[in-house]
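Both of the next two complexes hold chain A, though its partner changes from chain B to chain C.
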Partner chain A sequence: MTDATLLPLAVAIPLLGAPLLAVAGRVLPRTGCDVLATGAAAADVVCLALLWSHIQGVAVTPVGGWPAQIGIVLAADRVGAGLALLASCLVLAVLAYSWRYFDEPRGERAGLFPAMVLTFQAGMVGFALTGDLFNAFVFFELMGAAGYALTGYRIEDPRPLQGALTFGIVNSLAAYCSLLGIGLLYARTGQLNLAAMGRAMGEHRTDLLVVVSFVLVVTAMLVKAAVVPFHFWLPDAHAVAPTPVCMLLSGAMVELGAYGIGRVYWTVFSGPGGIPHDAFRHTFTALGVLTALVGAVMCWQQRHLKRMLAYSTVGHVGLFVVGIALLTPGGVAGAAVYVAAHGCAKAALFGLTGVLLDRYGSVDEHGLYGRARDLRLLGVLFVLGALALAGLPPFGTGLGKALGEAAAGHSQAWLPTVYVLTSALTGGALLRAALRIFWGAGPVPHSRPGEAETSGEGEEPEVREPGRALPPMMVAVPALLLALCALVGCLPAVARSLARGAAVFTDPAVYRAAVLGPAVAHRAVLPHVASAWTAEGLLLGGGSAAAAAAFAVLAVLRPVRLPLHRGVRALVTGLRRLHSGHLGDYVAWLALGVAALCAAFGAQT
Partner chain B sequence: MGVWPYLAAGWILLVALYGLVTSRNLIHAIGCLAVAQSSTYVLLLAVGYRDHSTAPVFSDLRPGSRPVVDPIVQALALTDIVVGATVTALLLALTIQLRKRHGTVDPESLTALRG
Partner chain C sequence: MSPRARLLLFLVSAAVIGVYFTLSCRELPSFGGASHPYGERAVAAALAHRTANVVSSVNFDLRAFDTLGEESILFCTVLGATLLLRLARDERQHAAASEAVLPTTRLLGAVLLPVTVVVGVYIVAHGQLSPGGGFQGGVVLATALHLGYVAADYRVLERLRPLVVLDIADSLAAASFTAMGVAGLAAGGAFLKNVLPLGTFNKITSGGMVPLFNAAVGVEVASGVIVLLAHFLDQAVEVTGTGTQEEEA
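Up next, the complex of A and B:
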């Protein structure tokens, strides 16, 4: 099959599978639904894997046969197709994981959950593969609407509803901001096609309109990517969504936001008449570092396991944003490898947390103290996942982190410190929880009354079937995902291919030539991008894993109270209070963030 | 029309933001979200407007005989309306569940998630 058929097929398979399931679910037995859903997801994985291995440069398909000048095109390079492939692999894992997870009412609702997951997948794959800005908005909203519905899937508890409403309102508001930006860009360029927009931008100087439209367009991606101060919805939504949904939200959807920022900047705004490279580099590096640090500190403070994992996603997304903000092929290559491996590791950790929730009806680090001693295999997997997040070689997260550090170190010598600190703190928090839950290490942790925190006690188990044996899929899927995470690091071909993709991703001329045809033909010599382990990378990866272990052991045993300055404690407490759970506060932060970005870019152009 | 429609779109967005930040009722908040969306309609239609033009319907119009307004932004606005209706319906459904099961529609009374 050629790229021309594979590209639309990748979006069409889940889009057709979803209504089919919703209808067939009324008549088919539960097993039939599962087979149908898993079959559709597997077909999409095969389709995207073929596409990914075929692509040289950028694969382009004009949808419906309309040429790129007037129609919508799908355009994929290795980075975009790779992200779509990651999302599809996670969808397949999630569907397999949730085979026996929900004790869904039989009858007409049986196929709804997998149908919504497939809709979500269609949104994610479409967003990663589209070459049209308005089309990207539509896929963005499709993925959003499916995401809100999936987050609020369990309506018995007020918390999922609260999380889903916050998620929905904040994300939709940001999407409308983005649409305003798209309207302004269309007014300037008369185009919606990313490549054509980028070409038309050069006809004018950079002015206020460009700055405002750029900030508005990226607002939606910043919210999706949970960049501080747009991140408040994420821990609330991830803490309450059903575990299989968390695997998708944290593993793939959030990363799509970061990808969207890079894609839109490179194709539309990177040339003359756009946003100067320095302005983008400075602003987004600052945002990324802030996000990484806030995520890491907040992750360390959590006792609710899902919230801990959610904040660790915030921390890692900060690192991905830094990688993209470097505006070098090396930075993007690092971020791409990191995203692929992080998605697998994070989904595995959420899956393991789901087992705890299933067994004990709690995801509270304190409440579960020592209770999971008999689930040793699970404990070992959890520790491996935590070490993978901390960047232990040979996991792919370690390789992505090493590549990112090398690229960041070229730009600012202190940037690798942020990578190490974020990985060590997030990995350390998870190791601390694992030591307490699976080994009962250290003294019984006591809660700190009066503090603003979400405990994670009294969660509803997602399956009400007491005495049921542990479904083997619920352990097999996380184990496989961890193996996949290690494969990304061990198979040099994966990183090499992503690095070549990164060279294409950061060259708007190649994209433009592929989309707009031979009229602007361009044969660039793509730079060689490093994609292999280095001694320095191995050392830093091992070092941050060791630091994570040290943090965890110190926190569990508490031989020393860390002599933190009172000011630092006040700062951390203040930071926690900011995460108030109130919708109004989150919207206010969003507005403030947009205004601050406008001011920052206005001052730098 | 000049710059006025753009200012109006910005003003509508600000009004919606104010409503969302101060809202004490989720139905009201979702209404504010719909207001925020209206600003996109105003902006899109303003982008496509041409003075002294007519609707781009060519059934009773010879192509090229008269200037017409830009149909692309109208298509965008239509898509936007569909997307917005879906999202609003979904959020309202979640709010109804919240009211039914937990007896509140006040975002201030939802305090289970913080820190």
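Up next, the complex of A and C:
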């Protein structure tokens, strides 16, 4: 099959599957729904895998046969198609994981959960593959609409509804900003196609309109990517969403935000009349570092496992943003490999947490102390996942981290420290929890009096069927995902092909030639981008994992207060207080972020 | 954050954004200029496909992929509302009571309802010719049914709307949009390609696929909006929360 078929089919398959499921769910038994949903998801994975293996440079298809000046063009390089493939693999994993796991409503509402998941998939795939700014916005909203509803799925509990509402309102506000920005850009260029927009930008000098439209357009993506200070909704939503939904939100949706920032910058704003490279590099590196550190510190502080995983996502997204902000092919290659492997590892960890919730009705590190001693296999998988997050070779997370560190080290010598610290702290927090929950290591943890904590006790299990055996899929899927994470690191072909994609991603001339013609794409000499393990990378990866283990063991064995400076302690407490759960606070931070970005870019252009 | 600090932070930030946005708007092309880059291209393309209503041409032909995304958002919203507004374990549904209405109100409703349905169908069917189309006509159709509630009571509305049929129609219409897109791919080599004969300009059969997409969206919007409102209205009118469960259990 050709690109012209595969690109639109990747969006059409889930969009056909979802309504069919909604209808068929009324008559089919649960097994029938599961088979239909899994079949649609599997078909999409095959479609995207074929596409991914086909692509040389940028695969382009005009939808409806209209050229970029009039209609919408789908354009995918290896990075975009790879993300779509990752999202689809996770959707398949989620649907298989939920076979026996999930309490679905019966009767006329049976089949709605998988239908929503497929719609969510269509949003993610469409966003990753489109070459049109407004179309990207539409699919972004589709992703959002499905995400909000899925987050609030457990209606018996007020917390999920609260989390979904925060998620929905903060994201919708940011979407309005984006729409305003798209309007400004359209007024300036008369185009909506990314490549055509980028070409038309060169006809004007950089002025305030460019600055403001850039900030507004990336606002929605910064919110989705949970970049500080736009990140507050994420832990609140992830802590309460059903486990299978968390796997999708953390594994793929958040990363799509970071991808969108890179895509829009490179295709529209990187040339003359856009945003200067230095301004983008400085601002987004600062944002990325801040995000990574806040995420890592907050992750270490949690005892609610899902919140811990959510903050670790914030931390890692910070690293992805740094990779993109370097504006080098190496940085993007590192981020791409890292995202692929992180998505698998993070989904696996959420899946394992779902097993704990299913068995014990709790996701609290303290409350579960020593209770999962008989689930050793699960414990081993959890430890492996935590080590993968910490960057242990040969996991793909380690390779992505190593590539990112190498690229970042070229730009600023201190940047690799942020990578090591973030991986060690997030991996360490999870290892600490695993040691306590699965091995009962160290003394019984107890909370300090007078400290506000989100415990994670009293969570509702997602199935009400006491005493049943553990569904095998709930262990098999996380194990497979961890194997996939290792494959990304072990198979050199994967990283090599993503690195070549990164070279295309960071070359707007190649993209423009592919989308707008000339018919014969000019054969640019793409730079060679490193994609293999190096001794330094192995060392730093091993070092991070060792540091994570050391943090975990120290915390478990000697749960005493570290002799931190009082100022540092006050800072950490203050940081926790900022995550207040108050929607008004989050909106105020969103406004502050937009204003600060306007000022920062205004000053640098 | 204290309410004061929150408000201050927001107001200062909003003021900064406001200043930047206002200043950037001064760089926009001035009002009433002669340059309409997309307008010129779109009108030419719409006329080439013999679609008199250029807006419909943009929605259902030139940028039909956007519309596919948008109608999917509506479909997804309906699914989401169905999912989230299901009866919780501690909720009970009881039949709505009948209510007294002035005979004149009832008469007005009885007259307006069929008129509104006809207007809705007209707007959907003439989307390729005159202002309107599936989205607008669909909303008018959905409104028509709710005249039953406004002019009579909730029980009349419930008899007017066969929810199961509408729910299935909503899904099938959503699926048919994508399916027609795939048909374009099979017949013309491009997804959502306008492959049907284009007909005579300014006749109801003109525009090729545009009337079909219009009809699909019209059915989807009409049934989707009714189902969506039904879930919200049920919550308001028929569902009661905690407190009633003991006596029933």
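Heads up, the rule we're going with is that the second predicted complex is superposed on the first by the 597 of 605 C-alpha atoms of A that agree within 3 Å, B and C clash if a C-alpha of one lies under 4 Å from a C-alpha of the other, contacts with A are read in each partner's own complex, and residues count from 1 in each chain.
FYI, a contact is a pair of C-beta atoms (placed from the backbone, for glycine too) under 8 Å apart; a residue touches a chain by one contact, two chains touch by 3 or more.
Since the model is a prediction, treat every value here as computed from it, not as a measurement.
> Kindly classify A:583 by the partners it touches after superposition: chain B alone (first), chain C alone (second), both, or neither?
first
> Give one of first, second, both or neither to describe whether A:149 is in contact with chain B, with chain C, with both, or with none.
both
> Where does A:287 make contact in the superposed view: on chain B (first), on chain C (second), on both, or on neither?
Neither partner.
> Please indicate which partner A:275 is in contact with in the superposed arrangement: first for chain B, second for chain C, both, or neither.
In the superposition, A:275 contacts neither chain B nor chain C.
> Which of the two partners, first being chain B and second being chain C, lies in contact with A:4: first, second, both, or neither?
second
> For A:207 in the superposed arrangement: first (chain B), second (chain C), both or neither?
second
> So, does A:112 touch the first partner chain B, the second partner chain C, both, or neither?
In the superposition, A:112 touches chain C alone.
> Applying the document's definition of touch, where does A:163 land relative to chain B and chain C: first, second, both, or neither?
So A:163 only meets chain B here.
> Check whether A:240 is in contact with chain B, with chain C, with both or with neither, and answer first, second, both or neither.
After superposing on A, A:240 lies in contact with chain B but is clear of chain C.
> Chain B or chain C: which reaches more residues on chain A?
The partner that reaches more residues of chain A in the superposed model: C.
> Under the contact definition given at the top, report the residues of chain A touching chain B in one complex and chain C in the other.
134, 138, 141, 145, 148-149, 152, 155-156, 161, 180, 184, 186-187, 192, 580, 582, 584-585, 587-588, 591
> In their complex, what parts of chain A are in touch with chain C?
Against chain C, the touching part of chain A is residues 4-5, 7-9, 12, 15-16, 18-20, 22-23, 26, 61-66, 69-72, 105, 108-109, 112-113, 115-116, 119, 122-123, 126, 134-135, 138-139, 141-142, 145-146, 148-150, 152-153, 155-156, 161, 180, 184, 186-188, 190-192, 207-209, 211-213, 215, 578, 580, 582, 584-585, 587-589, 591-592, 594-596, 598-599, 602.
> Inside the complex, what are the residues of chain A that reach chain B?
134, 138, 141, 144-145, 148-149, 152, 155-156, 158-159, 161-165, 168-169, 172-173, 176-177, 179-180, 182-184, 186-187, 192, 235-236, 239-240, 301-302, 451-454, 576-577, 579-585, 587-588, 591
> Given the complex with chain A, which residues does chain B contribute to the contact?
9, 13, 17, 20-23, 26, 29-30, 33, 36-37, 39-40, 43-44, 47, 72-73, 76, 79-80, 83-84, 86-87, 90-91, 94-95, 97-98, 101-102, 107-108, 110-115
> Contact residues on chain C for chain A in the complex?
1, 3, 6-7, 9-10, 12-14, 16-17, 20-21, 23-29, 35-38, 41-42, 45, 61-66, 68-70, 72-73, 75-77, 79-84, 86, 88-90, 164, 167-168, 170-172, 174-175, 178-179, 181-182, 184-185, 188-194
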